[in-house]
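Two complexes come next, and they have one chain in common, chain A, joined by chain B in the first and chain C in the second.
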Partner chain A sequence: MGVFDGAIIYANLLVLLSIGLTMTYITTSVPNFAQGSFAVFGSYISFTLFKLLKIHPYFSLPISFILGGLLGILTYLTVLRPLINKGASVVILMIATLAWDLILFGFIGIFSEYIGKITKSYATKFIFTPFDFKLFGLNGIFFVSMAVIILLLLFLFILLYKTKFGIALRASMENPNLAEVMGINVEYTRVFSWFLSGALAGIAGSLLPFKQEIVQSTGAMIIVSIFAASIVGGLGSIYGALLGGYLIGLSESLITFYLSKLFGTGVLVYSKVIPLIFLIITLLFIPQGLSSIKWERWRKLICLRA
Partner chain B sequence: MLEIKNLYSGYKELHILFDVNVKVNKNEITAILGPNGSGKSTLLKSIFGLTTIFNGEIVYEGRDITRIPPHSKTKLGIAYLPQTENIFTNLSVEENLKISGYTVSPDIYQERLELALSMFPELETKLKRKAGTLSGGERQFLAIAMALVRNAKLIMLDEPTAMLSPKFASMMFDRIKFLRDELKLTILLVEQNVLKALDISDRAYMLIGGRVVFDGKAKDLVNHEKFDQLCIGYTL
Partner chain C sequence: MFEGIVVSILLWFGMYLLVTLSLNIEYGYGGIPNFGLALAVLMGAITVGGIVNRVIISIFSVNAITFTAASGFAKSAMDELISSNPMYGIALLILILVISALIGGTVGAVFILPSAKLRSDYLAITLLAISEVMFMIVYYNTDIVGGYYGAPTPNILAFIPGEDRDVVFTILILLIAFIIFIFVERLINSPYGRLLRAMREDEDVMRSFGKDIMKIRIKTMAIGSAIASIGGALYSLYAGNVIGIINLSARINWTFFPFLMVLLGGMGNNKGVTLGTLTFVTIWRLIDIYKHEIAKTFNLPFDVNWLQYIIFGVLMIIILYYRPEGILKEKPIKTEPIKEFENKVKSSKPA
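Up next is the complex of A and B:
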């Protein structure tokens, strides 16, 4: 896999994960630290279906979408909603997602041991690259991830801007009290946003093993980049998650690659330093994220100077 | 149409309203007046289910609605327009109107939309604009237009002329009258502009310290002993 196509694939998957994180943050004010484990859950769904039923991971995407969505709903209904109803602060909710992440981490570990035993294969570490196809000299995941991101963004655009429920969802994100006044059942929109967040993570997780090796702790590693992408883009904006996802995804891969050329491959282990540097710079200079920048004003300013 | 019986309500542990009794008749404007902090806005919020009800009963068209959630009250034809944040600023004007018709059928929505736009023609040319870019007066017009789209029979307005220019405030009072006279709607109005509110209202209630101290015809309130207290800070 080339450096550039690898960076684009990674950025595509990061966009899906950061959109999910941003969406649940806007609707329920929960910074979900389990989002990375949601993705690993998706990876294991595809792995299990592949091992047990011989379903190629590309064909298991709809199942990962649905089961990932159900995991999102389960997380919200069993852990977060009871806490929100008791008036829990953002810090408490954050700690709850950290605890939930560790629980998922444990379950995934137990499950990987179990599935390894019944399929007589090594399930605590796996990669799908050998099962990918080649097209024009590139790995199939490049085209599949591009197609998936285009389709899902189109789906999200139509859902959020062209359907009544989508407008209700956006209204609930902006002002849940007023949305309630309009007759919208805000709780439904919250549950739906958790479904969508889990579903997008499930899809990203199913595709991730085509790009990198999956281990039990992959979620703990990738969550750094997901949060950086959402915060750099602006935690209050889905459009920001898109911007942040591409910025962090591309820069993490490309900058690490060029640094490894200069300082040796030892740099690769510290690739997560890159998103964290972007995160700190954003918090210092644009705390509301890239989506808060009034680009139109800058354009006018540049035009006036010219 | 709406009857509030012995209502005690507030926020969490805090009691704001005490033994409030209010009756709103069909096709009338009922004004709720009182000095700042007297519980006027809390009364509207309580009717709509946005506060803690400690005791009492709220009956709408013969049905006890005290404990039903706000989104269900919307379906019954009750519209509540908060004083601020009464539109979605990140949505377009058109999307605001569309979302306000969330609970009505497409046919009724189209019919109500045409009615709302005929009443507020200044919105028609701004349908694609983000609602956050509208002026203060236009925002209030949009908020009322949204209530009309939701096919409301009872509209509760919380200080609709607050922060409006005198020209827009006057237009707003005219349109509230129009809602009652031409569209036969029932209005429950909380307003700081006391004299203007009394001028267009049929009945009035004066709240002080969370208790009703006057209940009667709007014209009679000016003779009440505490009327001066109500008007402190306002031009007579």
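Up next is the complex of A and C:
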């Protein structure tokens, strides 16, 4: 895998995760610390289907989509909604998602040991790269992740902008009270956003083993990047998540790579410092994220200067 | 066996009490959602493994290929010295406590600076992210404090026979925890403590009274982190290696569990938090000690550790839902004027 295609693949998957995180933040105002574990859940679904039923991970994507979505709904209905209805503060809700993350981590651990015993293989660490195809000298995951992200974005766009449901969804994201007055069931859109968040994370999780090795704690390791991507984009906008996902995904891989060329491979340890720096700079200087910048104004300024 | 269990529970109780008291100052009283609590504990481990070890290495001019190996040689040289004269051990302990408190306090004060511009949810995310990344760095870079190879730490009780070490260490830790508890109690019952609660309830009112919120926050985080750092240093000394803190489950052990204990016992109430810590540690130690028996009895085909994560995650959600105020509720502070007022009300009531 080359450096550039590797960076693009990683960024594609990060975009899926950060869009999910942003969607649930918009509808329920909960930063979900379990997003990383949602992805690992997807990875294990594909791994299990591959080991038990010999379904190639690429073909198990629809199943990860649906099961991931159900996990998202489960998270919302069993953990968050009861607390929200009791008027819990945002910090309490965040602690609840941390607890949920720990529960998922426990289940992932149990499942990985269990499935390892059933299939008599090593399931606490796995990678799909050997099962990938090659095309034009590139790994198949490059094309698959590209296709998946284009299709999903198209699907999201049509859903949000071309259907009545999408209009209702956007209305309840913008102003839930007003939407409710207009007869929109806001609760429904919340459940749907959690479904979509889990489903996108499931897909990202199924594809991630083609890029890097999955271990039980992978979720905890990628969570910083996911949050950085969403916050750099501005947590309040799906476009922002898209922008932030690519910015963080590409810079995390590429900057680390160039620095390692300059200073040696010891730098690789510090790869997660890059999303952290982006996150802190964004919060200090543009707390509403990239999507809040009025690009028009800058363009006008530049035009005036010229 | 029974004695061993009690010692293990008390030891962990004392160790965790330092961390939970620190979280209680920050989150329970001050309302600062410190999701990066583990970072303060890490500072204690770095003090012992990274700073004190380096000093000892240079004093004995140890030469070794890796930092882990050098720490090992330094440890055995230091242990020999301590066993010849206990004063060295005691001096080293005091030195470590002071340095870890200073480093923890400084890092805590710097760590909270982004909060000047952030809302509580963004702040919590930022603190968690900083702490996660720091852990990844010290874990994968083996030159700082040994990383995943760990770094042996000197045995400050080398003058005591090995079979008594745990008991003496437990007494030592309980003593330190008791001193800190008294300190925190007095701190919270001072005007500063009331200021802290007021900040948690309403920052705008505080501002309108001319209080500098940032100053209080920095002070709070400095004190809190100093205490948590002492906890981390003591644990590194007890375990004989920093690997117990510097590993990839640090977020669970040193951030999530303390939050669970504080919420279980009762936020903003030191007695409640003490009770919560004791309750949690008892359950947690018993599961850990009997995990092989549990696995055998229920014929579990997996490590009981995983089950433990699920149990504690579920417990947390249950507490948040059914009893967010914890076992012991927060009580209003009884200052002298309030006591006087209450007495007046009582005496003025017709019998």
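Following the convention adopted for this analysis, the second predicted complex is superposed on the first by the 306 of 306 C-alpha atoms of A that agree within 3 Å, B and C clash if a C-alpha of one lies under 4 Å from a C-alpha of the other, contacts with A are read in each partner's own complex, and residues count from 1 in each chain.
Following the convention adopted for this analysis, contacts are C-beta pairs under 8 Å (C-beta built on N, C-alpha and C of every residue); 3 or more make two chains touch, one makes a residue touch a chain.
Note that the coordinates shown come from a computational prediction; the quantities given were computed from them, not determined experimentally.
With chain A as the common reference for superposition, the partners chain B and chain C occupy compatible, non-clashing space. Legend: residue contacts after superposition of the two complexes on their common chain; A:W100 is shown touching chain C, with no touch to chain B.
Of the two partner chains placed around the shared chain by superposition, chain B is the only one that A:G183 touches, whereas chain C remains out of contact.
Looking at the shared chain after the overlay, A:I231 reaches chain C, while chain B stays out of its contact range. Put chain B and chain C next to each other and count what each touches on chain A; the higher total goes to C.
Of the two partner chains, neither chain B nor chain C is touched by A:K162. When the two complexes are overlaid on their common chain A, residue A:P82 makes contact with chain C while staying clear of chain B.
Contact with neither chain B nor chain C is seen for A:K134 once the two complexes are overlaid on the shared chain. Computed from Cα centres after superposition, the angle at chain A between chain B and chain C reads 100 degrees (steps of 10). Of the two partner chains placed by the overlay, only chain C lies in contact with A:I92; chain B stays clear of it.
Nearest C-alpha atoms belonging to chain B and chain C sit 19 Å apart in the superposition, given in whole angstrom.
Taken together, the two complexes place no residue of chain A in contact with both chain B and chain C.
On chain A, the positions that touch chain B within their shared complex are 164, 167-168, 170-171, 174-175, 177-186.
Chain contact summary for the complex, chain A toward chain C: residues 29, 31, 33, 79, 82-83, 86, 88-92, 94-96, 98-103, 105-107, 109-110, 113-114, 117, 217, 220-221, 223-224, 227-228, 231, 266, 269-270, 272-273, 275-276, 279-280, 283-284, 287.
Chain C contributes residues 33, 35, 114, 117-118, 120-122, 124-126, 128-130, 132-133, 136-137, 140-141, 248-249, 251-252, 256, 259-260, 263, 301-303, 305-310, 312-314, 316-317, 320-321, 324 to its touches with chain A in the complex. Residue ranges on chain B touching chain A, taken from their complex, read 48, 50, 69-71, 74-75, 79-80, 82, 85-91, 95, 98-100, 102-103, 146, 150.
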